[in-house]
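A short worksheet on the structure shown next.
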Amino acid sequence: MIKLRDVSKRFGDFEAIKSVSITVGQGEIYGIIGASGAGKSTLLRLMNVLETPDSGEVTVNAQALTNLSGKKLRDARKSIGMIFQHFNLVANKSVYDNIAVSLQLAGYPRKERRRRVLECLQFVGLEGFMHKYPAQLSGGQKQRVAIARALATNPQVLLCDEPTSSLDPNTTAEVLGVLEDVNKRLGVTIVIVSHEMGVIKSLCSKVTVMAKGEVYETLSMKPEGVPDIDNNPKYFVDQLQKDGSRDDT
Amino acid sequence: MIKLRDVSKRFGDFEAIKSVSITVGQGEIYGIIGASGAGKSTLLRLMNVLETPDSGEVTVNAQALTNLSGKKLRDARKSIGMIFQHFNLVANKSVYDNIAVSLQLAGYPRKERRRRVLECLQFVGLEGFMHKYPAQLSGGQKQRVAIARALATNPQVLLCDEPTSSLDPNTTAEVLGVLEDVNKRLGVTIVIVSHEMGVIKSLCSKVTVMAKGEVYETLSMKPEGVPDIDNNPKYFVDQLQKDGSRDDT
Amino acid sequence: GEDQENTDNGETQDENEEQNQEQEEVTLTVASLISPMTDILELTEPMLAEEGIDLQIEVLGDNVQPNAALANEEVDANFFQHVPYMEEYNRNHDANLVPVEEIYFANYGVYSEEYDDIDHLPEGSVIAIANDPSNVDRSLTLLDQHGIITLDEKTGNYYTQSDIIENPNDYTFEEVDLLMLSRMYDDVGAVVMTPAYAEPLGLTPKNDALLTEGTDNEFAITLVAREDNVDDEAIQKLAEAMTSDEVREFLEENYDETAIPAF
Amino acid sequence: MPEILIQYEAEIWGAIGETFFMVGVAILAAVLVGLPVGTLLYLCRKDHLLENRAVFSTVNLLVNTIRSFPFLLLVVFLIPFTRLIIGTAIGTAAASVPMAIIAIAHYSRFVEQSLLEVPKGVIEAAVSMGASVKAVIFKFLFVEARSGLVLGLTTSTISFISYSTIMGVVGGGGIGDFAIRYGYQQYKTDLMMYVIVIMVILVQLIQYTGTTVSRMIDKR
Amino acid sequence: MPEILIQYEAEIWGAIGETFFMVGVAILAAVLVGLPVGTLLYLCRKDHLLENRAVFSTVNLLVNTIRSFPFLLLVVFLIPFTRLIIGTAIGTAAASVPMAIIAIAHYSRFVEQSLLEVPKGVIEAAVSMGASVKAVIFKFLFVEARSGLVLGLTTSTISFISYSTIMGVVGGGGIGDFAIRYGYQQYKTDLMMYVIVIMVILVQLIQYTGTTVSRMIDKR
């Protein structure tokens, strides 16, 4: 589904990605993990050629994106959803419009848009926030809008850059549940960059560890599934009082 | 050290903080946790009156900030460091200057500034990034600059809004180690907003769980200390292969 | 040498001798607008230099400022206007500007690209006239003088279009900048303008104008000074130089019929 | 109302009408042509969506050339063109042609500058959604830059009024020309001051409206 | 070089010198006064650091009033003031006074608008560090808005050149006035076109410099 072949990317004379090759299978949930600055975001941005590689080839859905341009590239991108590390919401559009615009661009029929926007807002628990603007949202709420926007168009591929970095455990579990669901139900291929071990472990069947712009290792594993968490502040109290293990710091 | 008394804050007709009272003791590391949108950031921003409360009183260091203005308020703020959820770096200043400016404002002697900036950059593992600009940094690197900036002036109080949200476990542990250190060595009072249970557990001796703008519960606890983590990509592989418990999701 | 130059003016001889001991040159600043005014002044420069007068020409771009500058003693004289225009300024600003010498008549005329006789100018044609009040007055007066229109009794200082009481051919008057008149030549039925503006189009009052103002009027371009300095020797020398044969020859040679010497 | 204003009431209303006409045409030109031209300048810049050195340089030179002309000479220079499209080179309608040209050159710079302030991340989000250039412009760029665009148009409109005062040279008329001709050239200082007060009120109103609208639509 | 340019070479150089003088004074005034005034407008706005309705309204009205005057009348209006500080109301030095005044009013609007584009978070960071208003301005606002400020000054400078062409009214001279006098008044069309080419080159140079500098200092 997604194939990077010997992809490299420099910023000035800094080599951010050094000849990386990766293959993400159709319908897979693929994790990328690694230290801060390892090149995870850059790698993800190469997958929809938001960052043009200096060398190497990027193939998505059997199309070599690195050779496409203009309308063809745009069409290819329409089937690739992306959640940005810094959300990149349109500050002058309401929550509703931020999601609706992605539907519009994907050519979603006008009358179904509203239903779909509301549905996606419900996935991320923001039903009541339709008319708010990003500046009026908390960090986690912004991130959830970004998730809803990426999910809305039912893309075939979903690129997620730290999709739960601002979310509390409950909301994280909910969002992961949604991702698991679209993957299982609709066969969406998902790539997740995350530094949260728990996120990777619960969803991914394959994980690449990045280090200094290179693939350090790629492992196959059995996803543990998304835990069921009670959406109640009591959960926090219980967790705090419990002498839990701390492998996720 | 920090006292909020019956503090309330509305945005339009939405009540974000509903008459909250909290006391943070001198030299304490105090955690605030809660669901996305619960009001954690707002509460933290009330502590240095970046957000002026609609009612109630904010006292820091025996000074009622809510009654101060002008130079007195500014001076009070100089001893309160803050790490923002969205970093708020100055995009047109280099990493070095972003940190140096806070030293300059705090009246740090000119010739010691350089030494101190380098020291702080070392705390967060960004020695080589001095001359880069924020746009050239990864998410985690930006966050670390924000941390270095807040630490630089040796504030008496440190307000941290999700300080490790973009950091991998190693870097998180490093940063937490630094926080623990300044708390122990210099007696800095620290308030941490975080959704990462591990972060709260390892440092905080008191935690408030927020829900819907109110204090749900406040607990005292024994901090578990910051784990020692090896700064090596192998750590990720080990963690992934291990059948760890998943209480932190 | 200086003594010689000054001896011809008997009455101020003593004074001049005193002045000459300390300083030989007098500076005379004159404000003006465009050629041929500036050309005439330039022509007199060497003549005045011989007399120990350093002539400075201050070219301004607007027809109020030369008077303002003169009244405020920022210049010693100006040369751009006719006497009625000067009087109007005096009235409104309580100023004491006085004419020194009439230099030339700018022979106002009516020109048309299409028609060679004013009678052929069709009903409803557009006639372009200059847009400043004194020239609106002057243009309308010219047309009235030839019976094209009829004006009411003058009530204010200037005629305006609202003073037209008869306009049998229903002409429309478009007011544009003085300098725009020649550029409107092929745009309108007829243009009322001074010869200086007609010249670039190769038009002269004698050969091409349908109607002209002639010299029988009060609109001669005049050298103007203030009451307090009009009798200064330097001003008088300037007036003398401006009415010299050189200037007359220059005008007749270069501005035949377009700037008719008034001296 | 002062007597002199009553006396000239009809003329003043007429002049205001002429100003509105000329400035209205200028605003229209600014929005309909200046906005696209400014957007083109932005898009063709280095590292931007339609990066194109040739187009950028050409349009940039054109805009600069128009802005280099002393306005008076631009008016003269454009006379043949004006005659071609309006049929005459004098009068209020004719005066609108140079007004429109200068408005385009003027506003396009504002547009370019406002668009440069749009955060890169927003454009990236648009591109990642497969937005066409047209969609990027209308659904993202203009949305995110809208308060700057409105403020720029406000400032420009006030400049247009200032430019319109020169249009008396080709018989354009207008309130500024009225002030110059009746007030300044006929030495009716009181009339001039009243007319200037009218202009100040007009400008103040425009500024107020622009500022208010720009604040209202700014959700950042 | 065309013969006519050689013939008028000295005058043209003189005129260029006069333009540089007038525009130079205008730029100085814009930076030394317009920048503070624009910053004051920004700071005194609703929801900003020094929110102050009275100051904002007064300064806003003042700036608008200056911008409302037809430039010619502003020049005339300022004559007594000019005379007071320069000693005379005609000549290049005197012409610089209205140039400076209009430059201040003009650039302060640009400054206000550029500062409005600075993200609120950056100001918050500054405030949280206990920065004085002065520090917020110099260490944060101006730093973050600098590329916009430079682009605005570039656009303004080009406008100042345009304004300077009107200064012939009071004997200010300058290259634009030269073009008007020889080209418009004396119908030396070829000379006029050459002079305009010189102006285009001048403007193009300014724009190029401004754009380059603004891009160089933009690290966002």
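We just call them A, B, C, D and E in the order they show up, numbering each chain from 1.
To be clear about the criterion, a contact is a pair of C-beta atoms (placed from the backbone, for glycine too) under 8 Å apart; a residue touches a chain by one contact, two chains touch by 3 or more.
Not measured: the values here are computed from a predicted model.
Engineer: Under the document's definition of touching, what chains do chain B and chain C have as common neighbours?
Structural biologist: Chains in contact with chain B as well as chain C: E.
Engineer: Over half shared numbers or under half: where do the identical copies chain A and chain B land at their interface, same or different?
Structural biologist: Chain A and chain B contact each other through largely matching residue numbers.
Engineer: Centre to centre, using CA atoms, which chain is the farthest one from chain B?
Structural biologist: Chain C.
Engineer: Which one of the chains is farthest from chain E, going by Cα centres?
Structural biologist: When every chain centre is compared against chain E, the largest gap points to A.
Engineer: Specify the chain pair with the maximum number of C-beta contact pairs.
Structural biologist: Counting C-beta pairs in contact for each chain pair, the top pair is A-B.
Engineer: Round to the nearest whole Å and give the separation of the Cα centres of chain A and chain D.
Structural biologist: 44
Engineer: Averaging over Cα atoms per chain, report the distance between chain C and chain E in Å.
Structural biologist: 36
Engineer: Which whole number of Å gives the spacing of the CA centres of chain B and chain D?
Structural biologist: 48
Engineer: Can you list the chain E residues in contact with two or more other chains?
Structural biologist: 72, 76, 119-120, 147, 166, 177, 180, 184, 220
Engineer: Using the touch definition from the top, which residues of chain A touch two or more other chains?
Structural biologist: Answer for chain A, listing residues that touch two or more other chains: 86, 135.
Engineer: So which bits of chain C are touching at least two other chains?
Structural biologist: Each of 64, 179 in chain C touches at least two other chains.
Engineer: According to the definition of touch, which chains form touching pairs?
Structural biologist: A-B, A-D, B-E, C-D, C-E, D-E
Engineer: Using the touch rule from the top, collect the residues of chain C that touch chain D in their complex.
Structural biologist: Of all residues in chain C, those touching chain D are 63-64, 88-89, 92-93, 126, 128, 131-133, 157-158, 174-177, 179-180, 183-184, 187-188.
Engineer: Which of the residues in chain E end up touching chain C in this complex?
Structural biologist: 72, 76, 79, 83, 88-91, 166-171, 177, 180-181, 184-187
Engineer: Can you list the chain B residues touching chain A in their complex?
Structural biologist: 11, 33-38, 40-42, 85-86, 136-141, 143-144, 161-162, 165-173, 176, 195-202, 207, 209-211, 216-217, 219, 221, 224, 227, 229, 231, 233-234, 236-237, 239-242, 244-249
Engineer: Give every residue of chain D touching chain E within the complex, in rising order.
Structural biologist: Residue positions touching the partner: 46, 60-61, 64-65, 67-73, 76, 109-110, 113, 116-117, 119-120, 147-148, 151-152, 155, 158-159, 161-162, 165-166, 176-177, 179-180, 183-184, 192, 196, 199-200, 202-204, 207, 215, 220.
Engineer: State the interface residues of chain A toward chain D in the complex, per the touch definition above.
Structural biologist: 48, 50, 71, 73-78, 80, 82, 84, 86-94, 101-102, 104-106, 133-135, 153
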